[in-house]
Amino acid sequence: MRPITRESVPADAQRARAAKRYGAVRAATEALAAPLSAEDQTVQSMPDVSPAKWHRAHTSWFFETFLLVPSLPGYQVFDPAYGYLFNSYYEAVGARHPRPERGLLSRPGVAEIARYRAHVDAGMTELFATLDEACWTAVAGLAELGLHHEQQHQELLLMDIKHVLSVNPLQPAYRRAAPPPRRAPPPLTWHAFAGGLRQIGHAGAGFAFDNETPRHKIWLEPFRLASRLVTSGDYAEFIAAGGYRRPEFWLSEGWALVQQQGWTAPLYWQQEKDGWSIFTLAGRRPIDPAEPVVHVSFYEADAFARWVGKRLPSEAEWEVAAVEAEVALAGNFADRGVLHPLPARGDGSLEQMVGDAWEWTASPYVAYPGFHPAAGAVGEYNGKFMSNQMVLRGGAAVTPPGHLRLSYRNFFPPASRWAFGGIRLAEDA
Amino acid sequence: MRPITRESVPADAQRARAAKRYGAVRAATEALAAPLSAEDQTVQSMPDVSPAKWHRAHTSWFFETFLLVPSLPGYQVFDPAYGYLFNSYYEAVGARHPRPERGLLSRPGVAEIARYRAHVDAGMTELFATLDEACWTAVAGLAELGLHHEQQHQELLLMDIKHVLSVNPLQPAYRRAAPPPRRAPPPLTWHAFAGGLRQIGHAGAGFAFDNETPRHKIWLEPFRLASRLVTSGDYAEFIAAGGYRRPEFWLSEGWALVQQQGWTAPLYWQQEKDGWSIFTLAGRRPIDPAEPVVHVSFYEADAFARWVGKRLPSEAEWEVAAVEAEVALAGNFADRGVLHPLPARGDGSLEQMVGDAWEWTASPYVAYPGFHPAAGAVGEYNGKFMSNQMVLRGGAAVTPPGHLRLSYRNFFPPASRWAFGGIRLAEDA
Amino acid sequence: MRPITRESVPADAQRARAAKRYGAVRAATEALAAPLSAEDQTVQSMPDVSPAKWHRAHTSWFFETFLLVPSLPGYQVFDPAYGYLFNSYYEAVGARHPRPERGLLSRPGVAEIARYRAHVDAGMTELFATLDEACWTAVAGLAELGLHHEQQHQELLLMDIKHVLSVNPLQPAYRRAAPPPRRAPPPLTWHAFAGGLRQIGHAGAGFAFDNETPRHKIWLEPFRLASRLVTSGDYAEFIAAGGYRRPEFWLSEGWALVQQQGWTAPLYWQQEKDGWSIFTLAGRRPIDPAEPVVHVSFYEADAFARWVGKRLPSEAEWEVAAVEAEVALAGNFADRGVLHPLPARGDGSLEQMVGDAWEWTASPYVAYPGFHPAAGAVGEYNGKFMSNQMVLRGGAAVTPPGHLRLSYRNFFPPASRWAFGGIRLAEDA
Amino acid sequence: MRPITRESVPADAQRARAAKRYGAVRAATEALAAPLSAEDQTVQSMPDVSPAKWHRAHTSWFFETFLLVPSLPGYQVFDPAYGYLFNSYYEAVGARHPRPERGLLSRPGVAEIARYRAHVDAGMTELFATLDEACWTAVAGLAELGLHHEQQHQELLLMDIKHVLSVNPLQPAYRRAAPPPRRAPPPLTWHAFAGGLRQIGHAGAGFAFDNETPRHKIWLEPFRLASRLVTSGDYAEFIAAGGYRRPEFWLSEGWALVQQQGWTAPLYWQQEKDGWSIFTLAGRRPIDPAEPVVHVSFYEADAFARWVGKRLPSEAEWEVAAVEAEVALAGNFADRGVLHPLPARGDGSLEQMVGDAWEWTASPYVAYPGFHPAAGAVGEYNGKFMSNQMVLRGGAAVTPPGHLRLSYRNFFPPASRWAFGGIRLAEDA
């Protein structure tokens, strides 16, 4: 990653602002973990999932490893064994505990991890207060990266605990909440965009992950985007039409998964006597036909699009459309507390581009032309995952507010369903 | 199982005694769980292992299902969902949660399970107090079975938490304790027993599991048993002599496991710079050459015996020897608090027959001639496991005191290593 | 194996007889392979199965390795690479090609293997002709072992090619033949045997495998054996009564297999519109209700027995009954050419004890008291498989004539179904 | 696929030409199979590989299913069961035999398949001779597709038999041949290409697969291509420099494969006492440092490029370069008979762009903008594989002559190594 901070704010103010932001982001993590018992925070329900207490520790390890150890004189690591336990995937940093075994660790417990977080927070407070000017410039980018990293893990914590609770026959809620009032399913209209030579990617001031750069030219043919996300009601029609039994809509690997895994509906959907129910962070409840479908794999998104005779947008189409339509970075993010996508208004505007559900694109996750990963261990942050994954755009109802950019590239393997992945249709103009 | 209680004690006294014993056994379970955090009690480190909180709940479910629901008028089940969650393997009782997923359940948490235990205990107290005479006779055997069942799970809880803690890179102890003082490795002598027509199996008054019956005749040739268990020092010599690299000592399936699993020593042994260390419930420490080797599979026990030119005893030989030598039911059981086998005195007597380590026998676990399992769901207790397992005899350092009999038949698959299985040598006379 | 040949026949006659017998057994193997194309002889349909050409080569390798190389001066091995390719499981002889990959070898082809057989046969002819008296005594036992070994592989060749052809959607026959005429299902009666101290195991002159020794005492309670094997019609009733859906009849591991493997009938049975069909070496045809059921696992045999309220015999009961009933070593063996069990006559005698179908016993395959494997590499022949297998007795319709003894112990893992395993019921008297 | 044949050749001549070409392509398949025994043609060494006789049958099935059955009146299918056995992946055509079980089929044998091929050839001859004008126009494209399809299977047959022979410890050759004379390793120079708005994809007359269309605009930045393929000598340096032990060069999934699969060199390389040997279709021999490295996965190609500080070209860069450099469609293809890549001359021209080795590109295999698969079952030919695969360009030493186009898009999963995949380096200008 190559964070870019070229603002002309005075250094002291910058540091104060960074310290304040640090405190806010770290507190947000703890607030998300607060409803969870020690037992809840310990379980790993599949290899993709990490225990909540692991997320709390790993994000602290990131600051300890990349900032405190190299830059805070006299800093004592909390526990040398944590370097092994809480390194996620940084080969350059050393050996690490196998990912599928994170749920086998009862120790350190949640109380110990709270102490670890406090220890790191104290170190970071000292770092913000004492770092001299030259050093600050050098570490400011890493500090910013650490906070964006922690925000990503806030979303992962919610995705992961949803999966953990979902496999429990008791179907416990993360946070009980009344379901939002029902609305009529919103109409779908089409927004046209001209083709031509365009640019995508991050270029301005402000933070961006390295995978959003460099900004570069691409050629687009004219295209149209749907005004809203595909709804649960739309998707239930696909199921009723035999969508999961008809190979003609599916990529070969997707169809193999349908058969091997016995997929008959999105993850968390369950057939009840009187229709489909869905497991949410507020517990299990009937689906709302007006709400966006979510927890589909890329293969399901793609098959649905073929069934209706449309296609998924490319990531370039998505970004160009979002910029040209002047989409604001406001929407149903995690701060709303809903933690589930909400129905569109159906007012004909280009809705739900940000928040609600990550939108699967037709674009494999590869390097932008001219891409170079950041130097050092944090160069492993993004680049090494550039194979066998697809790009998703726009953020979801579990994404922290303030985390998204229109150039933001999320990515998951095409078979993944535990992310909040949804569907926006596109077509050639 | 067919519990046999033909004592002529007055019924009221019997019930009072049963109630008291119930309280003591149930309290012992809680005492064993006391050192464990909520996180510790949640983890399942492999499919064979169950979380500690599951053991606490399952043993309660046993009393609720087989005693309270059928026999206590007006009893309200604590939570109907628990029938699914905490049934271990009783097909006749209904569907159940898959065993390998016990570690995926954060709920119910330890506090809820404590309430469940209290609810069942209140029901049992009422049952003991109110049951009329006729019914008491009918349920007394089941109550006794429930307590022996709970004792078996006390041992399992210790075996299981040992494995859970062992896979943690932090190597935490269940209960710190100073290692016992070192002694010189004890000499080994041989005890001869005559052959002839003998009887084995349970026959007297008092409780026994159904698999210990019926008492029956068997023919034995003269044989000798070693005076003590094989020590860690003995076993280290086997390793040093290439025991794990020489197929000639191994059964074919055992040799396949050596290669597939990469076995080079007993479970929990680790090569250190200056010798072998072992993980115990008191943490990791160097092996003591004088202490019995433990956590070997049947295949390792058998290979060791071949290496020294001896063999394992049959279960009939073991039982006949124990009875003829008038072995007392006293030894290093769980109440000693050591939770690990101790060195023999080496006084030439037939030592360590009970306690310290379960002794692998050469006998597959099959029904005794004329065996019939108990009627009803508890008939699934033992009989249905009579394939692909081997019999172990004599109890171990984690077996509750008062649980063992000389006719007691423990059984594990020959590849199992997480039980406290050790080795006693035999030879033809 | 410890072949026992203590006959007082003059040595020259012995050698001539051995040479003649050698020629006959070797020719029988080739006759069994004759109906198979080069393609048929190459395929391995599961790890348990070996290609037919592998059997032809491996049996030759046995003579080459254990007789020609050590005992025929000047013998040249046919191809040094064959030691690696055609060693089955003799660790003492050296490394070997992995069993599950035998079907990946197109070379050597069938023509080359025919040359290999001829080369070994020439060597053996020379050995028989030239060996001096002292040496002959030493190798006679090994020669005899090699022939019994080859006979075992004749049966394996038939079992294996049956499986290979069965997985082909074309369902080709090994050898077309008209099905035997239908008879009425035979009645079943019971034969009683007294209990007491008996002996089993091989003791006389003549060849036996080491696992049949030593002859030893066992105590038996009085018992009864069914007069005939369980028929396909009997077994179809078990299926119709929900046998594969009712856990109460099954050992725990058997029930797990029923569910994991989706067993609903014996191997090779298939539900047709109008009943069950069965794949035989003569192709697929409807089952004959009067013929013995075959290709069941031990678990199915055991579950069937529980369903009818009976049990399987122990191997001691089987052998004692066969000896006391003076069962002749004649029956439906491979020389009849039927290669499938035939209906009993139902004449009230103890029928089908030999030939037709191997009879699963309730006895795990373990060493007889006092057992010692033969010295040298052939000591691996039997002993190292003494875990997790069950004994079968009596031979089958694919067993070569003259191969069986009443003390013969066949063995397979309890889940195996591709052997010709059937069911004889027993009960306590 | 959407074959495009808009030539203005008279119809009769077209048909005669098609019939002649049909005969030539079909004969080429048989010529490739000629050195293989029945056994060789039966084996499947891994799920990706198909037996040679399967290729011979499947290509015939293609003509039978898509041409003879629908378009030749009175045509009798050779065997109705073959529709199930020899359908590769066409869901629209019906159920099919599972791919990993192709090596379990001994029948139909090679003789039967020769009859099948003759039967189909007779039908096709009749079709070419009798089809009326209107129908001809309709089927000509399918006939052309069938021949290109058969050519693809000619290459697959060679790839697959190479793998089959390679797993045999005897290491047999497909066709013995003297290795080409050694040359000095060729120097590497760079060819620069300007950036700008370009077009790629097929557009002219003549056949192309549907995945090469539509021709479309793309934007390219200036770039350079290496003058030759990476050699075995180059690659051996990467290995010697610890390439397979240093995670910093690898994509995350590639590094996981290195560890799981134990990769230490390209497929077919083997460490000998005095350097590396390689298994070729002419048998095992030492590597030639001057010859192109082949049988690397995309991950290895990508890691090698990172190690030298370069990158792989995009497929657009490759195609633009090939067109601008006026690369001729001539090179080391299968008709040369070498069946292995040859050293470059090192004359500074852009060498080896076609033939020798397929060149891994950095481009995931996705649809070109505006792509629509062909109508009907043949629409499954290409489109449904557009996920988790990478594009390779340029053909290899096992590609039939006349099969390649500069717009040809080959594709394999990034972990595949049994294809003749090699490496050409690129860099930003």
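List of remarks:
When the chains are written out, they are named A, B, C and D in that same order, and each has its own residue count from 1.
Keep in mind that, in the parts below, a contact is a pair of C-beta atoms (placed from the backbone, for glycine too) under 8 Å apart; a residue touches a chain by one contact, two chains touch by 3 or more.
Note that this is a predicted model, so its numbers are computed, not measured.
Among the remaining chains, not one touches chain A and also chain B. Shared contacts of chain C and chain D, meaning chains that touch the two of them, come down to nothing at all. Distance from the chain A centre to the chain D centre is 38 Å, each centre being the mean of its Cα atoms. Inter-chain centre distance (chain A to chain C, centres taken as mean C-alpha positions): 60 Å. Among the residues of chain C, none is found touching two or more other chains. In terms of inter-chain touching, the protein chains here make up one closed cycle, each touching precisely two others. Across the complex, chain D meets chain A through its residues 89, 91-92, 197, 216-219, 221, 247-248, 250-255, 298-299, 314, 362-364, 366-367, 369-370, 384-388, 414, 428. Taken together, the chain A residues at the contact with chain B in this complex read 37-43, 45, 53, 81, 84-85, 97, 101, 103-110, 164-165, 167-170, 172.
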